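Below is one structure, written out as structure tokens; the observations come after it.
Order of writing sets the labels: A, B, C, D and E. Residues in every chain begin at 1.
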Amino acid sequence: MPVELKPKKTTVAYYQGCSLEQMASEFDVSTRVVCDALGVELVEIPDWSCCGSTPAHSYDPLLSAALSGRNLAIAEQQGFDVVMTPCPGCLKALKGALKVFKDPNKREAFLEILQMPFQGNIQAVSNLQLYFETIGTEAIRNRVTKPLTSLSIVPYYGCLISRPPDFMQFDDPENPISMDRILEALGASVPEFPFKTECCGATYGVTRNEIVGKLTGRILDMANRVGAQAIAVSCPLCQQNLDLRQAQVNRYWRRDFHMPVLYISQFMGLAFGVEPESLGIDKLFVEADSLLDILSREGERDQSVGGKMA
Amino acid sequence: MVIGWGTGYDPLHVTPVFLRGLEDVSRLIWNPLCVQNLTGYLVKGALTPPLEEGKKIGICVRGCDSRSLVALIQEKLLSRESLHIFGIPCRGTLDVRRLMNESGLSQIRSVTIQGDHLVVQNDEEAHRFPLERFLARRCLRCRHPNPVIYDELVYQPITPRTAPEDAYRDVEAMEARSLQERHLFWSSELDRCIRCYACRNACPLCICQDRCIAETREPRWLTQRVNLPEKFLYHFIHALHLAGRCTECGECERVCPMEIPVTLIKEKLNQITRDLLHYEAGLDPEALPPLLTYNPNEAGI
Amino acid sequence: MRIGVFVCQCGTNIAGTVDTEAVARRAMEYADVVYATSYVYTCSEPGQQEIQRRIKEMNLQGVVVAACSPRMHEPTFRRAVERAGLNRYMFEMANIREHVSWISTDKEANTRKAMELVHMAVAKLRFNQPLFSSKVPINKRVLIIGAGVAGIQAALDCSDGGLDVVLVEKNPSIGGKMAQLDKTFPTIDCSSCILGPKMVDISQKENVTLHACSEVESVSGYVGNFKVQIRKKATYVNWNACTGCGECVRKCPSRKAPDPFNEHLATARAINIPFPQAIPKKAAINRDYCLHFTKGKCGVCKKICPVNAIDYDMQDELVSEEVGAIIVATGFDLFDHSVYGEYGGGRYPDVISGLQYERILSASGPFGGHIRRPSNGREPRDIVFIACVGSRDASVGRPYCSGVCCMYIAKQAILTRDHLPDSNCYVFYMDIRSPGKNYDEFVRRAQEEYGVQYIRGRVGKIYPRGDRMVVQGADTLLGIQVEVEADLVVLATGVEASAGAGELAEKLRISYDQYGFYMESHPKLRPVETNTAGVFLAGACQGPKDIPASVAQGSAAAAKVQALFARDAIETDPQVALVNERTCVGCLKCIMVCPFGAIQSKTLRDGSIKAEVLASVCQGCGLCNATCPPKAIQLQHATDNQILAELNILCA
Amino acid sequence: MDQSAASGALVDSIRIIGFLCNWCSYGGADTAGVCRFKQPTDLRVVRVPCTGRVDPLFVAKPLIYGADGVLVSGCHPKDCHYAVGNLYARRRLEVLKNFLSFMGIDQRRFRYTWVSASEGQRWQQVVSEFSETIHAVGPNPLARK
Amino acid sequence: MERVHTLAIQATSDPRFIGEVERASGQQISHCYQCGNCSASCAYTYVYDYPANQIMRLVQLGQKDIVLTSKAIWLCAACQACTTRCPCNIDVAKVMESLRVLSRQEKKVSGRDIQLFYDEFLKLVKRFGRVFETGLLPLFGMKAKKPFTDMDLAPRVIRKGKLGLIPHKVKGRKHVEGIFERFEAYCSRREKDKG
């Protein structure tokens, strides 16, 4: 099925991965809404399967590559040359598969296990890479109707979005700025945040949740110190640790954090004037009501002074 | 003075003519039998003592010949200012030797061009030969029928018959053979070489002439022994001295009495310089031949 | 030709794996060989005498020695045959040690190979010709590029030896990096107190011509006779008139110009004298900040200058100098730590470079010698030093050790504890490199007497918490992660080749390594020479170095120049190209390719054009020889016939 | 010139000619020797001042006259003792390399490389690999009997 | 694993192990010069039995047993901080990953619960083609004998309607299963070739 490319419209294959199907469904919903608003057509890879995530990688990188290879091969068959995934874990697996395919010593085994035709003429990108590099902050700024002017938001990137640099080939590994620039384009103020890439505890929420308690607590504490009212994330696992487990963190540190943790796409949706319900804001564990209040007060004030808001 | 072509000992054989006055102009001819590259005469001492200072010399050139001029100008062996160039777009010249061999003609009275045929009248009758069938090999793969440098263009420019990507079909055909086949091919071809040096003497860019290292003892690269390695080495010398310089005028092959395809050797070198160093000889008077310069940031070598 | 062959046993070095007797016996069969022998140590005094005796006895006209590498002993044996009356070029060497006996234990194959190598040498020798050097007079002036401490030392030593010195400095003042330092290790003496007098000396020497604010534009010529173009950059102040009174600086309304001397911890006026002890003490205008140039108004300095030295129309000026030797002393640059994103990438004002900290410590620095935090001007209490920032780090392309950082951190920590007795100093290090006189004792003192905490491990990350910086590192001795909260973090930024080092090297035709440091001729035996005759190296341009080593090398380079200039003329190497006019066809391709401009054309009386080699400029690379179609130009001692003779032994 | 006649030749008699520049690769070969790095004994070295001195004809001639391999080695590009000699050489030699097989000479018989005076180990590797290659390609059929 | 106090290096060193790790990871272990930056950067150093740099050191010494039975390799979250900052350009996270693979191959896993979680995860993928968190968590809890892991969170998660109760079945799950089977076949062949 060749994809019809309309002028000015970008079409990419979309791989949401298992997390976005369940625990992070609001990431999926909001990503689709935002891409639509930005004129990007997302075509879900038909009958996609799990990338294997960290478990497959720890089992054998070849298994991981083959599991992800299936999704890439399907997308390639459909005629796509770019597949976008919002989940950094999935992205790592997809890119890992491409790396294995390009390694002449491993290609044969990879194809033998995959048992699908695959040319490797496809690249995997993250949602941020799509927003930041393909669409650009200028186009995002132009789409904003309800700027987040009164909000102070810190971006939390997590481990994988830009690391390791040679592998991910996106943004700066120590001080990534893509989300900063997007948030600024949305009108928010973005304080300097030194813990952009500190690890949140990853999958140890399940097996060792005291680790997540400690590490996520540091991140929440730093966000608090720099005066953030909310955290923007772009990883379902980070979001889960920061949001769902915030109560566990509070118990671990004997603190009382109440820090809303939203996906970048949710912030984008809000600034684009999308209703909070359509962005899955209600799915957050740490309620974002306070943020929404601030935003609506802002909107009213703008209206009362005859602001330029449409 | 103007150098051009005129009729030779019979109408089929054209010879170079040197016009020294207006009265000589009637000797000039132009037809597909004008096979010689005349530019060699400008540099090979045939004109010594040179003309008086400040006087220009006129020369008739086809597309291929004009590239020889450019190459000579590049290497400062000629100065552009001293020349008045009559450029002649050329649809190809004939392989006269093949024409003679295949037709067995003799006693030729006259030759005329009728459309795309050559009509040769001898004592008995008129013979018609399709021009296309007797074109020289060099003309079949011609990419530059129009002079690349001239003061006056004598006819309207014409479309090249060969696209650049087809330039080296003959080379590619040779390369389709195995290494051993190629070795046998060149061994049997070059074994015929009698080291008469006609190829060298006809080449407008072979400027050493009698000081060529094929003949000198200081240094002594070759002996006068007649054996295959010596012949191989001679042709390596000839070809490598032209690497990056040869403009494929085909004179070496045309004059070879043993009918060895010696231009093919240079074509291969030209293909290499094109692919490797992105250079085609005899087009840009300002450029330097690639083996006489370097690039510190060369990629792919 | 009557040829003698001497096959060296080199003790058992050669004889152990090569049958030297057999090699000598076989040599007797080669054309023109009239004598062949095997000898135990040919390079020894008796060995050389044996050669000389045989030359006379056997009336030899050429000698082949089969022994070690000609790079080792060719000069030795050339002198030996010369003493016996042969021309030194009637000699050839076959390398049967490095290329034969040492690389294989197969005695039969080695012996066969040695025989062939000897045969090749004999075959070549049969085409050798006696060659003779010519003499070229030496211009006894020396150019020194760079006036840091190495260049200054070289200039003073040359000047003291009576040589005319041309000293070129790119900055407005001489002094280099050392002028920026506060104190020096391991003696803690004041940097400007020991450098200052040398700088003043330079300004007072009559035989030293100083070009400050100047750079070398081009270099031509060769040892003994270089021609150098120097670009004197426009300062917009007539330095012949300027007295350095500083009135213009005080009145200049533009106060935001960069202050490189203070490592950008402060700003300067648009017209400025870099520091009080500057030599020459002259003002210069930074036209990017001068209101006259940027806005077209102002002119305060011009009005106020008591000697009318301001010249807004000044242009760069090109000066030509002719010299016989060149000393390159262009120093180093400091690694730019902004590539370390994990250390803030240069975004944190309280994370500074080692040289910035020197300026903070210096009494003439931006804070008058009081230690302050650049962010808020407050006194720091906890100070962390991090070693190896931009050194021993392959990930930033600097795998080498800078050699000075361990020492300067120790010094800075000691000075910090001196200035602020209540402060705490922490040093993160990997290894301590302190091999120098009193160096390790100095580092021990930092720990033992000054209580500096040394922590063995790299730092992973520095981040702000409140208004302090958190330094997160490892203590590998304990095997744990550690954290230090600091008010100030000093990165021991490493040494790298100065910007533009490669460009200058191209002009001088000297080589440089992958990091841009200039290559010495031999790492042990010719440490200040380059492979270009007459060009010498001093200081950190050759590799990271501390002050004592730079000064020593400055003096060494000066001594080399004096040794060169002790003669009145230079003997040229006769292994140069030579044109055979009979066979030259005047195509002049040799001129097109000669890297040294050593070939010119000439017109003979019959009007024919020929190439001609300037023997004193030719370096003997042979490129022309390889290029010449009729091989009319031949590199002496490596002619086509000589090389062909060697090849013909192997296949013909 | 007979192709089949060569097949009976002894592999022992493989003959490789090396043109080494005096400043870098000859020094590199010396360094390899000083370090006692073991190498095949097939190589015969001709010392030249610079790879720029190596006319491609010096490579072609031995191959035509029956040498089994020719190796040219000089200073690394940009490290030439004569600044640019090797930059000319690499163009000329690369052209030659591509030309040889057209004339029926196996181009694996010729290699050029860059080895500095300090790279003894690299020299050992270059010589061993090249010798291995030549042994694999076999004796030059052009060798005259 | 108890910390070893005297290491009889020759007796315990397995030089082949260094090569195995280098092959599996594609990294040059000898490039590590023990600066400690990996440990300085690692968020998990505090839970490791051996910090990352000591793991590297133990590999350099061929200490196969200590390394493959260490807890550290299973506590590594592959966050890439070590890899990003290593001055010797070693992909330390890749080394850790390779050690996990080797540890499993040699049956020396010490992080049993983590391995168990990974195994259950992969079983679900093999069976359904996708993971299914509602199934995964209780399964893991039971097998790890930690039935109350995250029990505090469960009601909240269910209230938000975030966990589906029916696994999504991928149509091509037979193909996914095939990938697992072919992978296992490939591994056993590889094993045999090695043996």
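The definition used in the following text is that a contact is a pair of C-beta atoms (placed from the backbone, for glycine too) under 8 Å apart; a residue touches a chain by one contact, two chains touch by 3 or more.
The model shown is predicted, which means the values in this text are computed figures rather than measured ones.
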Any chain in contact with subunit A as well as subunit C: E
Co-neighbours of subunit E and subunit D - touch as defined: C
Remotest chain, subunit A as reference, centres from CA atoms: B
B-C or C-E - the one linked by more C-beta pairs in contact: C-E
Interchain centroid distance [CA atoms averaged], subunit B/subunit D, Å: 35
Computed distance of Cα centres, subunit E from subunit B, in Å: 72
Gap in Å, rounded to a whole number, between the CA centres of subunit E and subunit A: 24
Centre distance in Å when subunit A and subunit D are each reduced to the mean of their C-alpha atoms: 56
Of all residues in subunit E, the ones touching two or more other chains: 81, 84
Subunit A: positions in contact with at least two other chains: 173-174
Touching two or more other chains - residues of subunit B: 221, 293
Contacting chain pairs - touch in the sense defined above: A-C, A-E, B-C, B-D, C-D, C-E
For the subunit C and subunit B complex, residues of the former touching the latter: 580, 582-583, 585, 587-589, 592-593, 607, 627, 629-632, 634, 639-641, 644
Touching residues (chain side subunit D, partner subunit B) in the complex: 1, 3, 56-57, 60-61, 64-66, 77-78, 84, 87-88, 90-92, 94-96, 98-99, 101-106, 141-142, 144
Complex contact set, residues of subunit A against subunit E: 18, 21-23, 25, 47-50, 52-63, 66-67, 70, 109, 112-116, 159-160, 163-165, 173-174, 197-199, 201-209, 211, 215, 244-245, 247-248, 283, 285
Complex contacts: residues of subunit C adjacent to subunit E: 342, 388, 392-396, 430, 456-461, 472-476, 479-482
Complex contact set, residues of subunit E against subunit C: 31, 33-42, 45-46, 50-51, 53-54, 81, 84-89
